[in-house]
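Quick heads-up: structures coming right below.
In the two complexes below, subunit A is the common chain; its partner is subunit B in one and subunit C in the other.
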Partner chain A sequence: MAIFSVYVVNKAGGLIYQLDNYAPRAEAEKTFSYPLDLLLKLHDERVLVAFGQRDGIRVGHAVLSINGVDVNGKYTAEGKEVLEYLGNPANYPVSIRFGRPRLTSNEKLMLASMFHSLFAIGSQLSPELGSSGIEMLETDTFKLHCFQTLTGIKFVVLADPRQGGIDSLLRKIYEIYSDFALKNPFYSLEMPIRCELFDQNLKLALEVAEKAGTFGPGS
Partner chain B sequence: MSSELFTLTYGALVTQLCKDYENDEDVNKQLDKMGYNIGVRLIEDFLARSNVGRCHDFRETADVIAKVAFKMYLGITPSITNWSPAGDEFSLILENNPLVDFVELPDNHSSLIYSNLLCGVLRGALEMVQMAVDVKFVQDTLKGDGVTEIRMRFIKRIEDNLPAGEE
Partner chain C sequence: MIGALPSPPPLPRFSGTHAHNPGVFLEYKLMYGMLFSIRSFVSKMSPVDMKDGFLAFQTSRYKLHYYETPTGVKVVMNTDLGVGPIRDVLHHIYSGLYVELVVKNPLCPLGQTVQSELFRSRLDAYIRSLPFFSARAG
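Moving on, here comes the complex of A and B:
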């Protein structure tokens, strides 16, 4: 998947729409016996691998499920603390699935507001008047493209660095927004977008853009 | 979609409002409100499809409204006249108004501004691009005038909630 996610931010900096489009990330499930040779720690309401790496499990991976049952942050599905559970030899052997933690929706909201502020700072830093603000943020693993409309809505797309045609994709997303979100009379402006048709058409547009642009490596 | 359906739909809307409110002034206000709600959404569709950049003065705005927007949505191109000396007021002259095809105003609705929706649309749309304007009809073919004239007056630039980079 060469286009990773789409974010739509309203005038006030609040996230009104978010779509994740990446293939399942690297996950590893292994059976362990006591004692666990990975060092786990609690961080930000999740149990992460602090030290120790083997068989595809890396530092920074989070505990996603124990014995096939998804964990709930730092608690198991039954409500026990994961670290306590794994510290008890009676619970072994245990099968744990590790993987790169996904962002929670609160974290996404925070990131969107932070981006909104950075965008404002970006245009103020500009030596010339009337700067467009941040249009692209580039890293070695992804490129973030941003388009701000004249009315203050921002469309942000995270894509593979090699993916082309994102500018026209951003304009297309603007059109889809003006069609399926705004023309829906039950959608209130500046509120989170919960329109099925918007979702469907956006996914279609992403597929078209992925096929048309340069290909990245498969997922 | 045929323009007849549009004219009929608009007509049904106005007559229903007249029945509901009984008072021409209230109907005018409602039409303006409805137009405003349409305008705040229509502007995004307009910007997405027409790709025009930000207008930096009222003359540019007038041009874009008459030549691009009216053409896109109503299929007519009004002319721009009667600029005030300060350049903050102008008139849009519409030779024919698709909303009023086949319409005649009866005598008991003489203060009804039939196409007041248009005023609301213009006001709402411009407000979303940070321009506060006052829009009103000064001539109306339904009232016996030769042409339909809409007067637009620039009030001020809306400074709060400016998108970043626009100061």
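Moving on, here comes the complex of A and C:
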């Protein structure tokens, strides 16, 4: 999947739409005996690896499941605390699955607002006058593209660094937004977008963009 | 160039209008804060584990390139939009210029503003020698 996700941010910096499109991240499942040679810590309601990186388990990975049963934040499915459970030698040997933690909706909201501010600061830091905000942010694993409309709505797309045609995809998403969200009489401006047609057409546009590699003009 | 400790050294400017503006230190603080936030943002957003992390961002007028060493020294360069990946250039500024002329200089106190004229002139010469540098009037 070359296009990872789409975020739509309103004028005030609030997230009004979000879509994830990527394949599941790499996970590692291993069986451990007491004592655990990884150091685990509690962070943000999740149990993360703090030290002891090995065999595909990296620092920052979260405990996803114990003995095949998904954990619920810092508690196991039965309601016991994960750290307590793993501290008890009677529970071993235990099979734990680690992986990159998925973002919760709350975290996505916070990241969208964070990006809204970073976008503004990007234009302030400009050595030249009249700069826009951040239009593209590049890392080694993804590229973030942002298009801000004249009304202040930002369309943000996270894609593979090699994926092309994102500029025309962003314009296409704007078109889909104005057709299926703005023209919807039951949609209120700046509110979360809950229009089925918007979802459907957006997913279609993403598929076309991924397949084509570029998005042709006038589509 | 932003050091690992909170007092960033002054950057020589190669073009632009504000060469000795005292307000430029405000810009460095803003830049440091922004880069810190971007790094945290990027590590959360990334769909897979990252190796190099945040590389660059661009707006309609400029592109900001970023390189951080494991010791926390950050090298930042603002260029025109047409400039591609210059990670090796930033790495050379760190290893070939900063380490050689500032770190290895017993008279240069680390963590403080770089006062070394040698560093400034060598850096200036190096930047002017880069293929993507073109001396523009003001």
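Everything that follows uses one rule, which is that the second predicted complex is superposed on the first by the 204 of 219 C-alpha atoms of A that agree within 3 Å, B and C clash if a C-alpha of one lies under 4 Å from a C-alpha of the other, contacts with A are read in each partner's own complex, and residues count from 1 in each chain.
Everything below uses one rule, namely that a contact is a pair of C-beta atoms (placed from the backbone, for glycine too) under 8 Å apart; a residue touches a chain by one contact, two chains touch by 3 or more.
Please read all numbers here as calculations on a predicted model, not as lab measurements.
When the two complexes are overlaid on subunit A, subunit B and subunit C sit side by side with no clash. Contacts of A:58 after superposition on the shared chain: subunit C is touched, whereas subunit B is not.
When subunit B and subunit C are set side by side, the one touching more residues of subunit A is C. Using the contact criterion defined above for the overlaid structures, shared-chain residue A:130 touches subunit B and also reaches subunit C. Contact with subunit C, but none with subunit B, is seen for A:158 once the two complexes are overlaid on the shared chain. By the touch criterion stated above, A:4 is placed in contact with subunit C alone, subunit B being left untouched. By the touch criterion defined above, A:107 reaches subunit C but does not reach subunit B. Residue contacts after overlaying the shared chain place A:73 against neither subunit B nor subunit C.
By the touch criterion defined above, A:115 lies against subunit C but remains apart from subunit B after alignment on the C-alpha atoms of chain A. When both complexes are overlaid on chain A, the residue A:14 reaches neither subunit B nor subunit C. Between subunit B and subunit C, the smallest C-alpha to C-alpha distance in the superposed model amounts to 11 Å.
Annotation: subunit A residues 122-124, 126, 130-133 touch subunit B in one complex and subunit C in the other.
Those residues of subunit A lying in contact with subunit C across their complex are 4-5, 22, 25-26, 58, 60, 100, 103, 107, 111, 114-115, 117-118, 121-142, 144, 158.
Interface residues of subunit C facing subunit A in the complex, by the touch rule stated above, are 13, 15-16, 27, 30-31, 34, 37-38, 41-62, 64, 78. Those residues of subunit A whose C-beta lies close enough to touch subunit B in the complex are 11-12, 116, 119-120, 122-124, 126, 130-133, 148-153, 171, 174-175, 177-179, 182-183, 189. Against subunit A, in their complex, subunit B makes its touches with residues 40-41, 43-45, 47-49, 51, 53-54, 128-129, 161-166.
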